[in-house]
Amino acid sequence: MGILEVKDVGIRFGGLQALSNVNLSVAENTVHAIIGPNGAGKSTLLNCFVGKLIPDTGSVMFDGQSVLGRAPYEINQMGISRVFQTPEIFGDLTVLENMMIPCFAKRDGAFELNALPNMMKQKDIVERAEQVLEEMNMADKRHEHAAAMSRGDKRRLEIGMCLSQEPRLLLLDEPTAGMARADTNNTIDLLKEIRDRGNITIAIIEHDMHVVFSLAERITVLAQGTPLVEDTPENIKGHPKVREAYLGESA
Amino acid sequence: MDGFLLQILNGLDKGSAYALIALGLTLIFGTLGVVNFAHGALFMIGAFCAVTLQRFLSLSYTVEDPTQKDFLGNPLKVETPYVESWFGPEVGSTIIDWSVPLAILLAIPVMVFLGLVMERGLIKHFYKRPHADQILVTFGLAIVLQEIIKYYFGANPIQTPAPDALSGVANVGAIVGMELLYPVWRIVYFCFAVLIIFGVFAFLQFTTFGMVVRAGMADRETVGLLGINIDRRFAIMFGVAAAVAGLAGVMYGPINPPNYHMGMDFLVLSFVVVVVGGMGSLPGAVLAGFMLGILESFASTTWATTTIPGINQIIIYLVAIIVLLARPRGLMGRKGVMED
Amino acid sequence: MFGLDKKDTTLLLVVATLTILAPFLLNPFPTASGMAQFNAGYPDLMQRFVIFGIFAIGFNILFGLTGYLSFGHAAFLGVGSYAAVWMFKLFTYNVIPAIIMAVIIAGIFSLLIGFISLRRSGIYFSILTLAFAQMSFALAYSVLSNPKFNLTNGETGLQVYADDPQRFHHDGLPDLPHLFGLSMRSTYTMDVGAWSFDFNAGYYLCAAIMLGVFYLAVRIFRSPFGMMLRAVKSNQTRLNYTGLNTRPYTLAAFVISGMYAGLAGGLLAAMDPLAGAERMQWTASGEVVLMTILGGAGTLIGPILGAGFIKYFENIFSKINDNVLHQWFSFMPDGIENFMVFIVHPFVGKGWHLTLGILFMLVVIFLPGGLVDGGQRIGKWLRSRRGQKEDKTSGTTTPAE
Amino acid sequence: MSKSEVTRRGVLKTGAVAGAGLAVPTIFTASSAAAYTNEPTGGTVTLGFNVPQTGPYADEGNDELLAQQLAVEHLNGEGDGGCLNTFTSKALKGNGILGKKVTFVTGDTQTKSDAARASAKSMIEKDGAIMINGGSSSGVAVAVQGLCQDAGVIFMAGLTHANDTTGKDRKANGFRHFFNAYMSGAALAPVLANEMGKDRRAYHLTADYNWGWTQEESIVASTEALGWETVNTVKTPLASTDFSSYIAPVLNSGADVLVLNHYGGNMVNSLTNAIQFGLLDKVVNGKDFKIVVPLYSELMAAGAGENIKGVLGSMNYNWQLQNEGSKQFVKSFGEKYGKPPSNSAQTCYAQTLLYADACERAGTFNPCGVVEALEGFEFDGLGNGKTLYRADDHQCFKDVLVVRGAQNPTNAYDTLEIVEITPVEQVSYAPNHPMFGGDEATLGSCNSGA
């Protein structure tokens, strides 16, 4: 039984069957990659995990609980954090403040009554944020304006923001898209480090095979809205169906 | 029954003005992404084009007539318009009589020019600025335009009557064999509005220029990448939007005499119309304009006001609230437009 | 001090000093001089400066932090005023219960409107608030002032009549709003040479309250709550996926700013016990938007500056008539005098709207961050000049080495 | 060197004009040494003219301001003296008021009660104005009147037509020269009966705010007393610009008279719309359809243009009146400004002179003295004929004009013609008339601010 269980998920947009019969199981504390050609439905599937889309059929269970019908913030509180294709950070805030927000959300996110008197208290939040920045090697940038940083730093910050909440499942949506080679390698190293630290499940959608094969432990190939095969990286590399559907096209 | 039909006509008539202003507003928003608070002022300036032309055609020379006295007991100065002395009293007075429709010819170049100047001189610099800044600068511009008009024409309304041939009432019910009297000019206004709306849609639908603009509205960057100078086309669209508002103003004069603040009176309403129709949707703006016009007309009947006191004062806003809560993006709005 | 860092403490102290000394600062010209027209240090206008300052500070908590542009805040101001005048009518002329009631009622009202309006964002939110405010205005202006059920007294404005109950009013108390017997209108006038300065009880009450709520605003800006609100403005998508339900936060900001507006409305009524429906009109809501943007949205001091700026124009420039102009230019030869009057005439007196419109445009074109931005630029320019001077001196000394 | 000399001359000149500033405004101060609010101590006295300078009534405000400036000139002995020559009280000598030169300050009411109070307060607190005059709406008049009562200065109302100003909202420090809605009804009714018959059916469109309601109430009462029937009364929102949806139902209502209880832009638009719908060409119940606009003004007539032809209404004053005071006033005003005065201009002019005259007769600027001098004061020669300032409610009683839109105007100024001058007896009422607050309405006592 994996931490994320996807059963028979299907979704239609007007005349287009974007996903059909998707079955997927992500085992706890592994790195699971979902790959596939453009328009295969990778992002659509991801959006079903985080509450942005609700599939027409099927179920998505996280740790035994359904995520369907919950708002994105509730799903986050269950322990799922998401990294976007283009880094989504708070551009108008400083790096430290960026890091404080998820810490704050972890503490008061549910906005229950205790959140009101807590609104003015921030000592513990600052401490936690400083600590994560330290871990991410970003402590020297803490007073910089987030919008002014390089793409790679933004990505690092975004991942740090997700990690600060100690999620059980980290979803990455093409984390190296549009990055220079050096930034890509840095990001791969960072993700490896996170993986090796353990106690976290990572699901990654990626185009760049280099990234996929250096990180993933299992890979699911998606084509035309349905999973084609699921296997280890080594087996996927040589799989004829994959070549046909994916590599053949992109080569 | 007649009452019912009359209110439908009234609603279509009110709706014509709303739809035309909202159409221009949406064009500017959809193409340029600019919230234009000066759009009401453009409507007002259109109306004052008619006033100006009427004044210009009525320019007169004066002759003192010793047989008549003015209010201070001095000889009365009798004014004769130049056009009457040049073309003879008959033709001359006919020209003055037709000054409102003639003002369309004046208003088109004036409004397009004004729109282009506004866009190139001011709005252009605000594309990348927050909507709040756009609101502030266009609101400032609206006040300035309004005060200039007030300085020259005063605060009092000025009559710009319809030509004699087009005033009075016509029996629009004749076709269905009943008596339904309605002012001729209001029918003209409605037809005019429909014509303009179809004109704008046809322009966007069937010309290459229009197709590029529509493509640009959908995805500005891609069109820009194709090597098309989309900016210049958008500037022209601003001119077109200004002309639409201006024409709506010119023709509105005979319905209600223009005054310097008529633009502000329409501004808030037309924003509500645009939003109810859905930001960025041209058919939405037109549909919402007519819909709100008709609802407003029915809300002001005695039946409505006795059922719910004060409904005539709040109907538009009430409808706006209901529509926005039921349909988040207005009647025909596109996803993601102006939601943050 | 007060849990603020050094910069904010300085700012607070500067604002406090300025408000306390306002009667002097706003009356820089001798009473009998031609420039006395520009004096703004009379009680009514000073009160308006701080009251609208409060209004704008509150509006800025919503708009400056979260980016939600409300076009209906005047409704809360109006509701606050009506609540305060009703307290005068029913119970007592003491301003404290009236102000408290104004804040409470405005809070409830903004909770209702905010709860519905905040279901949408962007311009849809703006139009929803506008629609609610315009409905409130229309109802207050006519529907709720009909003889059978007169809640607002329509166009004339709600006021206190001699036959109102005023249950806790007794002889010996002023027949005007007062603070435990101290009339809000009592003014001490100090004549110093050609100058004259007014110290008004009502003004100082408003000023004290403004300092209090300004301090509160600084605390909100600097708290995690304020940071959260700025995050809403900066990137709502990220926030949604960060385990935060933003709606309670934005609603809290909306209600707080609504209560600020109610407070301002209550104070307006406390200074002058009349509540007119026009203060709920969309133009009044637009005014506070303009004040905030003009001063600098999202800055602490900006809204107060913007409020002062607009109120100054409304009250000072509108009173400059041709007579005054002739006085100013009377030192010139007649022809030039008339010419100058002719030039200036369209911009003052009945033309004050024109000047205001032009200034809106100039400020937003040249100072994107509002007046605060302008101040910062001047500061930077001064510093760089000083820097240049130092460079020059160092430049001249270098060759000697 | 020469520069500083020029400046000094400027200062001297300025000092002389603005001498009033020496009278330090110590408003609302109980502990002040002054005997009353803004007691003039220098060589000048300051009047406050509070008129709409922005917004839809700016032109009306401008007219009022012109008249007020003319009045100041005449008080100071400049110009041709205007109505000082015809005024029956001879207390004014053309040397200012009580020997003090008259200066004035102006403010913008914006036709909003809030803004009007703000500008009135500024004139009282900052400029030391001792009297406030002007305005073009009843809401503003009532609001400013209340303020002046509290502040201890005199309020001489400008154009305000609602019954409440001198009815339930009457104040000891406030005075109204203008006529009111009740008088309009009382003056119009007989003329209406005469011209249209006693069996008419009336349809009212009424601006949905205080003034509209009092006017509707007055007209309905006086026409029903004659035997008319009221078919319907419909309230229209003040913000309406297009009245088509209110006009259309009139056609089939069986009414044969439309009464427009609208003022300003509302009236211009509703009348224009009514003419558009061809109401005046209709024959209902065998009678020609008629339109009545109970309160007329010159600016409204100008705005409505040809549409007012034949439409009946009432006015406080019209420049075509041929009494001595009127002729003199029209001459002064016309020669200075090149146009005849409007009725709101005349009211503001008369109010300024009346105030000055009351100060002279009282021998003081003290508001309580002025109130005493004005109460029950009878005069003539200001343009309206014989007039009484009634002591019970501070309302002027004088003849009321019934006017009609002229069929063939010869110029821009004679678009209205006087149909009848209704004598004052016909428009009088008891001070405790139910429309005027009944027995409960009181003036209170005068407040001098001391």
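Quick notes on this one:
Going by the order they are written in, the chains are A, B, C and D; count residues from 1 in each one.
Definition applied: a residue touches a chain if its C-beta (ideal position, glycine included) is under 8 Å from a C-beta of that chain, and two chains touch if they have at least 3 such contacts.
Just so you know, these numbers come straight off a predicted model, no measurement behind them.
By count of C-beta pairs in contact, C-D exceeds the other of the chain pairs C-D and B-D.
Using mean Cα coordinates as chain centres, the one most removed from subunit D is A.
The mean-CA centres of subunit C and subunit D are about 34 angstrom from one another, to the nearest whole unit.
Distance from the subunit B centre to the subunit C centre is 34 Å, each centre being the mean of its Cα atoms.
A straight line joining the Cα centres of subunit A and subunit D is 74 Å long. Within subunit A, not a single residue touches two or more of the remaining chains.
Touching of two or more other chains is recorded for residues 313 of subunit B. In subunit D, the positions touching at least two other chains are 58, 208, 235, 237, 239.
This structure has the following touching chain pairs: A-C, B-C, B-D, C-D.
Only residues 35, 122, 125, 129, 131-133, 135-137, 139-144, 146-148, 151, 268, 271-272, 275, 279, 309-310, 313-314, 316-318, 320-321, 324-325, 328-330, 338-340 of subunit B touch subunit C when the two sit together in their complex. Every residue of subunit C that touches subunit D in the complex is listed here, in rising order: 31-34, 36, 39, 42-45, 48, 138, 141-143, 145, 147, 153-157, 159, 162-163, 176, 183, 185-189, 191, 196, 198, 272, 274, 276, 278-279, 314-315, 318-319, 321, 323, 327-328, 330-331, 349-350, 352-353. Subunit B meets subunit D in the complex at residues 2-3, 6-7, 10-11, 13-14, 68, 70-72, 76, 150, 154-159, 161, 167-169, 181-183, 185-186, 255-257, 259, 261-262, 265-266, 296-298, 300-302, 305, 312-313.
Interface of subunit A with subunit C (complex): residues 50, 71-74, 76-77, 81-82, 84, 88-93, 97, 100-102, 104-106, 109-111, 115, 118-122, 125, 161, 165.
By the touch criterion given at the top, residues 63, 67, 69, 116, 119-124, 127-128, 130-132, 134-135, 138-139, 142-143, 146, 236, 282, 286, 289-290, 293-294, 297, 346, 351, 353-354, 356-361, 363-365, 368 of subunit C touch subunit B in their complex.
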